[in-house]
Every structure is written in structure tokens, then in C-alpha cells.
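Presented sequentially are two complexes of subunit A, the first with subunit B as partner and the second with subunit C.
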Partner chain A sequence: MCDTPHPAGITECTQCGARLLPLGVSPSEVPLEPLRPAEQSTPSREDEGAVVEESDLGEGEIGEDVGVAEKVGDGTGPPWLRKLEATPVGGLAEEAAGAEKLERGELPDWLELPPDFDEMLSEAALIADEEGVAAAQIPPWLEALRPEPEEGVEEPAQAAGPTEAAGLLRGIRGTLGIEPILAISRRSVPVEPVAPSTAAQERAELFGAVVREPARPGVMIAQRRRVETLAASSARWMMYLILAAAAVVPILLGSRWSETNMTVTGGTTAMYEAIEGLPQGAVVLVSHDYDPGVAGEMIPQARVVLNHLLERGAQVISVSLTPEGARLSRRVLDEVGASHGYAEGEGYQTLGYVVGVEAGPRAVVEALATAGWSDLVGGAEDIALIVEFAGAPEYLRLWLEQVQGPYGIPMVAGVSATADPFARPYYRNEASRQLMGLMTGLVGAAEYELLSGEAGPALAGMDSQSVVHVAIVLLILVGNVAYFGGRLRGRKSG
Partner chain B sequence: MRRIGRAVSVGLRRSLPMAMAMAIGSLMLLDFFFDEAHINALGGFFLESTVIIVAFALLLGLLNVLTVHLRRIIKREGGWIYSIALVSIALIVIIAGIPGPESAGVTWIFDHIQFPLQAATFSLLAFFVATAAYRGLRVRSLEALAFVLTAVIVLIGQVPVGRYLGEFVPALKDWILNVPSTAGVRGIIIGVALGTIATGVRVLMGFDRPYTSERDSTQ
Partner chain C sequence: MSEVFAVWIAAILTLMVYSYLLADNPLYRLAQHLFVGSSVGYAVVVVVHNVLRPWLFAPLLEDATANWPYFLPLLLGLLLLTKARGSSAWLGNSSLAFLFGVGAALAIGGALLGSFLPQIQASWVSVLPGSAGGGPAAANNILLALGTIGTLSYFYFTMGVRKGPGSGFVRVSSTVGRWVLLITFGAIFGNRVMAYVSLLIERIYFLLGDWLGLVG
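What follows is the complex of A and B.
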């Protein structure tokens, strides 16, 4: 397409020879016109006119096909092919030009099967049988269609259609023409000048001034972030100071308010009664399974319970499933034993750290007699009570599963506050009474001290713990107030 | 001949540990449920052997740690300065513990270094819990409201301040701990127990072989 404008009435472009259609007419509505016959000489790509071969139907053909067509014209092909050759190409084009417009669903004549199509097929089959063509063998008439390379490469026939004179496809023939409506050049319509209003002009000038201004956001953002970080860290430090003050101030003041306002839970009472009910000289196996992280609440428990046991005259055998527990329990035992005038081996015995995880508790009970670890115990049945101090719930579970369940030895436990939820189901199991008593955290130790009548470090720490708990609750409330305040402010501004 | 030897070796490597695990596991299970002298004797023997093997496993772990960190020091890999600290402290404690676990050196190291450091590190959690409570316990929904209320009731009811505010506070705290909390934990414990049983059965029947290497377990 060369985009050359033409006056109305012209049906063919004078430059490139493309078919021109009136505006508003779709090419499908206009039947194809037979192309002009090609010139006798070999057409070149520089030709502007349409050069059409007699056998050309407007589709590009390769030179081999032309050669084949020429060869087939020699009369060496099968009869049905010769019949097709008899039909002139020009005649087909004229027929197409003169064909009536088809109705919907109606096939053109040339697409319909000829009436003697079956006869042609049978003739082809007969010929194949006559020639005795075996499977995968090419019949002679098809072989005759094979081009002969020794005659030299022939120039491919020129593609039909006009040659493109402009654009990327310049010089190429046989391209599909585009819709004329797309090829119409459009002239730009000048936009009417708009006079801006005064306010718009001012805003535009302001915008221009802002854009021209050198940007310096880094400093401002950094300053804002420093302020925000300072505020956040200040809030965090305030909380830390509040908590530290809540923990330290009651201790420094020596407050004993909790002693008069404390209640004793059922679990601690049951544990106290279990130990209180031991006969004189009963053998009690005490396991200290905690580490220095929870020693703050476990050591007061161990101290008050061991004190009670030695007061009852029980024979204490101390073990530990953790290496730190062995050392921590040794300190407590020595301290409590010395207060009762006992030396090791007299009222208590320390077996130290026992490895083996699940095998450890079972090995302790079975080996107490068989391995002669203790002269106090002849077997598991000689153990009157097991007291387990568990800093983590898995140690309590080990003793329950490996010793309390199989041997049925009564068991009480003192656990850390974090292990209490996991220990409570065993204490609340009234059917099988897995745990006869349960003491929880520093509060449990304070309750036990209250029951024992001997105030110790646990009761002294209760005021501090109370104030810290209240401080945390207040922090939660302040946090929620700040959260809802922020939401209200956001709604008002939004 | 070599092929036969290799086949025997591979077979033993795979089958022998599995056979031992199945046999000893079944024996310990029988020992748990039956009170028969021979079974009890065998069970006791394997129990004591377990304690000894675990003790040696601890020693092996220590040697592995020292080897890894010594290699890091020799090759000057990342953080080799800290490896020097670890190896030197480990050697100091080992040497101090030669006379026994209750020796003066080990006792001093534990009482003056390990115990204060470990206790202080755990004590920092209190401050982190407080700041987390300030930031995290926000009433954004009904579920969050229930969560916050429960936390407040248990925190207050756990200490004498709760009784001072009213008898209902410790009573409510006890109900929360004894009923919904215990119910939830019971479910978790039962689930863990069932999973443990299933895992034990799989090991006893040889479907899981945690005692073999990766190469043998995948073949």
C-alpha cells in the first residue's frame, strides 16, 4: 500500500496497483477480480503492475510447482489429474467473478465434490493395483512429478499480486492488502487554544516552583524517624523502669502485706497434708529437675518442703535429671540439713545427676535396691513418697510415666508457674490420683511457708510479685487506651 | 566373592540395627506390662545399659563440639574468636572437674558464673513479657477481649492482691485454671500420647528407622 490518494471512481492504484474500494465497502463484499496476466519476460520485483500467470489463482506458488505443472501438462499423470488440468485457471477465476453471492451455509460449487469423484478414486486405486504399487512405494505417476535437480534450479515464479511500493514490505509481492479504511491518512486537527483561569495559572506556577525547588527529603525524614525512635525507646525504657521499681521497691521497704492477705490453694494444702501424713523414718525420693533460670521460684519451694520433710523425720534421697539441679539441690540440702543438725548420710542422701531421660527415673527406682545405691531402700515398695520439683513439664511427665504409673508410688509435685497448666490435669485426675498435691511457683512456696508457720523468702517476695502483676495489668490497660485513642483520632481526622 | 561380601555387609547394616531395635523394644514393652523374673532381669539390664550409653553420648557430643570449634579456629572461619572462648572455657571446666563433680573448682564456677548468668538471662524475660503485653494484648476483636480478660483475671488472682479486691477474683482464677485450661491441656496430652504410641509402633515394626544413617534409611 502506497497511501497515494485517488479521486472517487478509481478502482486500482496508479502507483502500486492495489485494488481500491469505496469507503464503507468491505473487501469481502466485492468479488475478487481476475488479476492481469503476467508479462512474457521473467518478471522482476521492480515491476509495479500485477503479473499473473495463466495458471495463477492469486496465491503464491513455488517454482517447483510450476515445473511440476508443466510436467503434468505433458500427460504423464493419472487420468483424474489430467481432468483437473483440463479446467482452465482463467475460467475458474471468471467463474468466481461471476459467481452468485452464496446464502448462509451454502457451499460454493468449486468446494463441492464432483459427481464422478468416487469414480476418480476407484480409477486411482485401480491404477495403483495395476501398477502393483507396494506399500510405501511411490507410483510412477507421482515419481514423474518429482522435480529434476539436474536441470538446474529454476527461478521461482513471481508471487501474484501487486508489489508493495512503500513501507517495510516494499518490493514484496503477494502481500495481503489492508482494509482501505485503515490506509486513509488522517490529518491532525489543531486543538483550540485554552485560556487558563487565574486560579489555574497560579496553581500551575506554584507547581512549577515546587518542582524546580531542590528536593531535600532525607534530612526531614531522618529527623522525623529520630523523633519516632526516641519516643518508642522512651516508652520502652519507661516500662522497664516501672517494672524494675515494682520489683525492687517492696523488697527494699520490707513490706509484709501479703502475709496477712494470702489464701492457700487446695493443691498446696494437699501437698502439705501428704507430707504431714508421712510416718517417722519414711523414705522419700526427692528429684530436683530445674535449672538456674527458674531457680528463683523452685529453690524456695525445695527449701520449705525439705525443711518440712526433715522435720517429719523422713529419710530423703535426692536425685536430679538435670546437671544444674544436682548442684542447686546440693546447696539447699546442705543448708537445710545443717539447720537441722544433719550431715549428709544422716538424714539425707544425694545421688547426684542421673542421665538417661526416660530411662533415668526408672533406673533410679530399680537400681536403688539392686545396685545398692542406698541402704535405706530395699525396693520400690520401700519408697513412701516421691517429691518432684519440675522446672519444665517434661520432667514431671517422665516421673509420672516411668515410676508413678508402673509402681504406684504416691507422688506430689512442685512446679514452676509455666509448667502449672501441664501439671494440673494430673492433679485434677481424681480417679487415679496421679498427683496427690501440686504447688505452683513462688506463690505456692509462700503458701507452703504460711502452712508451715515459718516465713521465708517466698513470703517476703509476695509483695514484690503482687506489685509487678498489677503493673503489668496497668500496662495492658494503658496499651489498650492508647490503641483506642489512636483509632478515634484516626476516625476524626479521616 | 566381593559382591557377596558387599551384599552381606549392606544387609547387616540395614537389617541388624532394625532387628535389634525391634527385639529390645518389644522386650522393654513386655517388661512394662508383665512381672516375670527373666523379662524383668533383661529389662533392668537394658535400662542400666541405656543410662551408660546416654552418658557416653554426652561425652561424644562434647567431643564433637570441641572438634568443630577447633576446626573453626584452625581454619580461621567466621566467629573463630568466639570458638576460642568456648574451647578454652570448656577445657578449664573439664580440668577443674577432674577431681569430681563436687570439686571446689566446679562448684565455684557454677555458683559464681553459671548460676548468676543463667538466672539473669531468664530474668530478662519479665521485661520482654511486659512490653509484649503492652503491645500485643490489644482488644481488636471479641476473641482478643476474652484473651485479655483471662490474662488480667489470672494475673491478679494469682497474687494476694486479687483476694484483696474480692473473693471472686481468686475463685474465678481457679475456675479458669481448673476447667477450660485443664481441658485444653488434657486434649494436648492425649494427642501427644497417641502420637508417641504411633511412633513407637512404627519404630517397633521397622517402618521408621531413626537409628540408621540417611543413606541406609532411604534404601
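What follows is the complex of A and C.
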């Protein structure tokens, strides 16, 4: 297409001869006109340029092709070509058209090669050799399309090795020979002997023993496993029963052995003395920072200490850094207060839950003085003592770091047995006296009951606790003896 | 009547929890879920009644003009709720920044004054019997010093690995520190066992006394 504009009514381009269609008509709607012979033989200049430039072809490329076509046409070509020309191809086609229907797999006669085809090919090859026909040359435009070899990538070398002489691969060079790998024997190379380590030798012997062990039927193995499982389960249940009996029997018997034989530790004594030394009407801030998980230890502590405080005539302000602690402490306070004839607001005051983060304890002390939270104190200096019941060491640390340190208020603590190792350094700090007293777990509560002369649930549970501890120690000893005895037997038999 | 009902409920729940000794079973799971659910529900009620209502809503309802600073914590609290949706979570960043900033400042200041400096002071002890207050006190102080130095050496990972000045001392003292740590962990474990035994005894007292009436 030359894009030359034409007036309406012209059906053929004056420049390139292309058909022209009116606007709005698709080419498919117009039947194609047969090309005229003149158009076939004389393409326009633009078409020549659009297809292949003559200069792009190899030397004599077009000339030779045209020459061959002319020679074939006028019967002056090479003899092999003239022989092919003489083959009645057209006649064969006419025969094929009129042939009868063929059976499956049968070729028509016209498709069959002539009987002397091989002879014709060999003659053609000989003639081509005699005449010195040059090998086909690649034109420059085709050569330009050849991909450039990448740097660093080597061209594959020509296949080396002998040419296959027989079989399907006959005539192909460089095929992979399998014979050297399979058929040629190799010479063995002597290897230095390796001395295995003792551990490796033991493992090897163990492996050998396992391999040499005669196979047992699956039923026997399953039976043995059942017996082992039953034995392990029985041992576990025996331990449960021993511990349960150790805990229950002293309670049922009403044993009071600990009341007369228990020694009180220094931390509990110091705590008792700190409360005992409070003046009448002293304001004491008590924080119940525990949850039901440790209530079994903390409630007896809180009960005996609150009892002592109210006995001494102290004014108790109760708070809690845990939501559950507020509920649990309220019940204990009501019980103890009622036993001393107090109602809330008379001898004790409950402020409830305070958020247990760093700001919580500090806010309690500051709010006590400013917000009229309690009429008992006008400032931090009015608080004579802080009593902290901590189920976890974090709560104790909050009070020590946010209140005791900055305000210098004396402090004692009752902690769960789990929190004791973390609390003890503060009690043992003789330089700063961060904790004036420390009692630990149910044992601490029992010690405090012993000191205050009021036997309670903590002291009643001490006999059970002692018997259970003895049972645990015995079970550990028996377990270790059985374990090491088994190892010794294994060594002797092995 | 309600007290008896509560005791029966508590006793049944206790037995359901102890049924875990047999194996993991639906009764144990039920008790566990009841505990978690009731704890969370109770905590929400306590927060609303003990914190939000007296410390935030009451002042605002009483006199919002005079108590206008209370709107700031209310706004910060409401912004925290936007953390529930990913697209609006960035709105709650300022609230978290405030919480972490104040918390970190208080924690660092408190730790310095309440733990770090007093504990350093407490470990500065005399190992001489004359000034320590006797032979046992001096021996105790020597143990304290050895344990402290050994434990610090154990966490001093960059010395003692290669040969050099003091590497032998660090190796020996870190070995001492390792044993001190092991003894401490043993003490913590022992105390934990003691705590669990106490809890077991408390439950047995409850079952035998409050529930069955066998113990007075």
C-alpha cells in the first residue's frame, strides 16, 4: 500500500495498482478478482523494495535460479534434471484422480516411486560432482540473522571418537561408549586402615547386637509393650496414692506435731516484730496482689497478719493490683474485721482494684493524700508500714521500686513459695533494709500463727506438708536407686 | 443455702480439675474453660466498676467543663480500640506510645532506685571476720561475693574464650557461676514444689472439711 489519496469511483491505485474499496465496506464483503498475468510478472518498485532487494542476495543467486528455471523450461538443463523433467508427473496425477478406491495401507500407483529412482539419484550425484556444483551460499541478510555467540560460552566441539559401524547408530561419531565402564576391570587401590573411636566401636557393637537379635513375633512385642505401659502406669498411680495418703492421713488424724516442734525463721520473726512495734492507730497500707492460683498460700498469710494488725489497733487500708485479689481480700477482711467487731470504714477500708502496672502503686500513695481517697492519711509520710502480699515477684518489685524506694516507707512482705527466691535479696539487704520482714508460703503463715499464738489452718496443714515432703524425698531416693541399679545391672550383664 | 450450693459447685469443679490425673478429658476441659471465662468476665466487671466509672465517667458526668482534662485519657483509650482493625490500627499508636513511654520512664527510674543501686550496695560486704561481725558472717559474705562474681562471669561471654590476660580467672569463676545458677534453679524448683503441695493441702482441707464435713 502506498497510501496515495484517490477520488471516489477509482477502484485501483494509480501508483501501486492495489484494489481500492469504498469507506465502510470491509474487504471480506467484496469478491476477490483474479490477478492478471501482467500484475504477476511485473511487480511495482515498492513491492520489490518491500520483499528482497537484489543486492541483498548472494552473488549470482537470482541469476542462477532464473537460469535454472529457464534451462528446465527449454530443455537445456543438466542431464539429471532433464531426466526428471521427462517423468510423466501430470499423467500420474490424472491417473490418481481416476483410480479406484484403495485398500487401507495401500499406496496409489502415482505415489509409488519409479523403479529406477535410486539409479536416477546416484546418476544425479555423480553429475553434480563432475560439474563441480558449488555448495549453497548463505546470503548476507540471512547471515546477519545468525545469533552472536555469547562471551564465555564455548562452541560445542565436534564429536570425537570413532564412527559407529553397526546398529541403529551406524555412521554417528562420538557416541557414549558403555563398554569401558562395565567391561574393563579396574585395579584396586590400597586404603589406609582407620582406627574407630571407642564410642563408634561401642555403637557398632550395639548395632551388631541388635541386628543379630533373633526376630520376635509381633504379638510378643505388643504384649511386652502392654506390660511396660501397665508397669509405668502402676508406678505413677502408686506415687499418686502415696502422696494423697501423706496429705490426707495427718489431716484426718488431727495431728498437731508441728505446733510444738516447729522453728520460726528470722524473716517471719522480723515481720512479726515490725507489726508488733506499730503504735496504736498507725495507718498500714496492705496490698493483696495474688490470684486464686496461689490463694491456698496467700489467704492464710493475709488472715493471720490482718488479725494481728487489727489486734494492735492499726488502721488498715487495703488495695489490690489484681482484680481477683480485690475479691479474695474483701472476704478475708470482712471475716477478720467481724471477729474484732469492726465493720468496713471503722478499723479497715477497702479501696479495691488498682491497675497493676508501674503507675499503679505510685498512684495509690499520691491519691491517698490528694484525692480524698481515704480520710486516714494526708500524705505518704502518714503511712507507717506497707504490708505486701505478693503471689508473684513482679508485684513485690513494683511496690519496692515505685513506693518503698522513692518514698522510703517501711515495708514487709508475705510472698508465695515460688516468689521467695526473688524476694529474699531485698530482705537480706542489710544496708538499705528494703524489706523489714519476709514470710514465705504456707510455712510462713504457720510460723506467724505460732508467733501470734493463734493456731489456724496454716499450722494445721503443716503436718501434712511435712509428711508429703518426706514422701517426695523417699520417692526421689527410690527412683534414683532403681535407675542406677538398673544401669549397673546392664553393665554387668552387657 | 447459697453457701452450700457454692461449696458443692466448688467441690465438683475441684474434682473435675483433678480428673486430669486420669487423662485429658472433657470434664477437665469444661472446668478449665469455666475458669478462664469467669476470670475474664470478672476482670471486665471490676475494671468498669473500680476504674472507669469512679475515675473517668463520674468526674466527666459531674462537671465536664471543669474536668475537661479527663477527656484526654478517654480519647487515648478510645484510640486503643482502633487497634482491632488493621486499616485503622495506626490511630492507636499514640496511645501505645504514651503507655510505653510513661511505663518505661517509671520502670527505669524505679529499677535504679529500688533494685539496682540498693542491690549493689548490699553486695558490697566485708569478708573479714572482724568487720563482718564474726566468722559465720564473714563466711556468708565470702559465699555471697563468690556467687555474685561467678554469676556475672558466666554471662561475660566475650572473655575467657581465647587465651589472654585473665582468661583463666574468667573460666574458673564462670564455672563457679554456673554452679551457683544451678543451685538457684534447684531452690526455685523446690520452692515451687512446696507451693504446689500447699495448694494441694488447702484443697484437701476444703474437700474434707467444707464439703464432706470430716474435719472441723
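The rule is simple: the second predicted complex is superposed on the first by the 275 of 494 C-alpha atoms of A that agree within 3 Å, B and C clash if a C-alpha of one lies under 4 Å from a C-alpha of the other, contacts with A are read in each partner's own complex, and residues count from 1 in each chain.
We take it that a residue touches a chain if its C-beta (ideal position, glycine included) is under 8 Å from a C-beta of that chain, and two chains touch if they have at least 3 such contacts.
Here the structure is a predicted model, which means the values were calculated and not measured.
> For A:263 in the superposed arrangement: first (subunit B), second (subunit C), both or neither?
first
> Let me test your reading of the model: by the given contact rule, A:251 touches which partner, first (subunit B), second (subunit C), both or neither?
In the superposed model, A:251 contacts subunit C only, not subunit B.
> Name the contact category of A:352: first (subunit B only), second (subunit C only), both, or neither.
both
> Thinking of the overlay built on chain A, is A:432 touched by subunit B (first), by subunit C (second), by both, or by neither?
Second partner only, subunit C.
> In the superposed arrangement, does A:416 touch subunit B (first), subunit C (second), both or neither?
second
> Once the shared chain is lined up, is A:366 touching subunit B (first), subunit C (second), both, or neither of them?
first
> Touch check for A:334: first (subunit B), second (subunit C), both, or neither?
Neither: A:334 stays clear of subunit B and subunit C.
> Name the contact category of A:404: first (subunit B only), second (subunit C only), both, or neither.
second
> Where does A:468 make contact in the superposed view: on subunit B (first), on subunit C (second), on both, or on neither?
both
> Please report the subunit A residues shared by its interface with subunit B and its interface with subunit C.
Dual-contact residues (subunit A): 240, 243, 247, 293-296, 324, 326-327, 352-355, 357, 359, 362, 406, 417, 420-421, 425, 428, 443, 465, 468-469, 472.
> Which residues of subunit A touch subunit B in the complex?
Going by the criterion above, the answer is residues 236, 239-240, 243, 247, 257-258, 261-263, 265, 291-296, 324, 326-328, 330-331, 352-357, 359-360, 362-363, 366-367, 370-371, 406, 417, 420-422, 424-425, 428, 443, 462, 465-466, 468-473, 475-476, 478-480, 483-484.
> Across the complex, what residues on subunit A touch subunit C?
240, 243, 247-248, 251-252, 254, 293-297, 323-324, 326-327, 352-355, 357-359, 362, 397-398, 400-402, 404-406, 416-418, 420-421, 425-426, 428-432, 434, 440-443, 457, 460-461, 464-465, 468-469, 472
> In the complex, go through subunit C and note every residue touching subunit A.
21, 39, 42-43, 46-47, 50-51, 102-103, 106-107, 110-111, 113-115, 118-119, 121-122, 124, 184, 187-188, 191-195, 197-205, 208, 214-215
> With touch defined as at the start, can you tell me which subunit B residues reach subunit A in the complex?
Residues 32, 44, 47-48, 50-51, 54-55, 58, 101-102, 107, 110-111, 114-116, 118-119, 121-123, 126-127, 129-131, 133-135, 137-139, 148, 151-152, 155-156, 158-161, 163-164, 170, 174, 177-178, 181-182, 185-186, 189 of subunit B touch subunit A in their complex.
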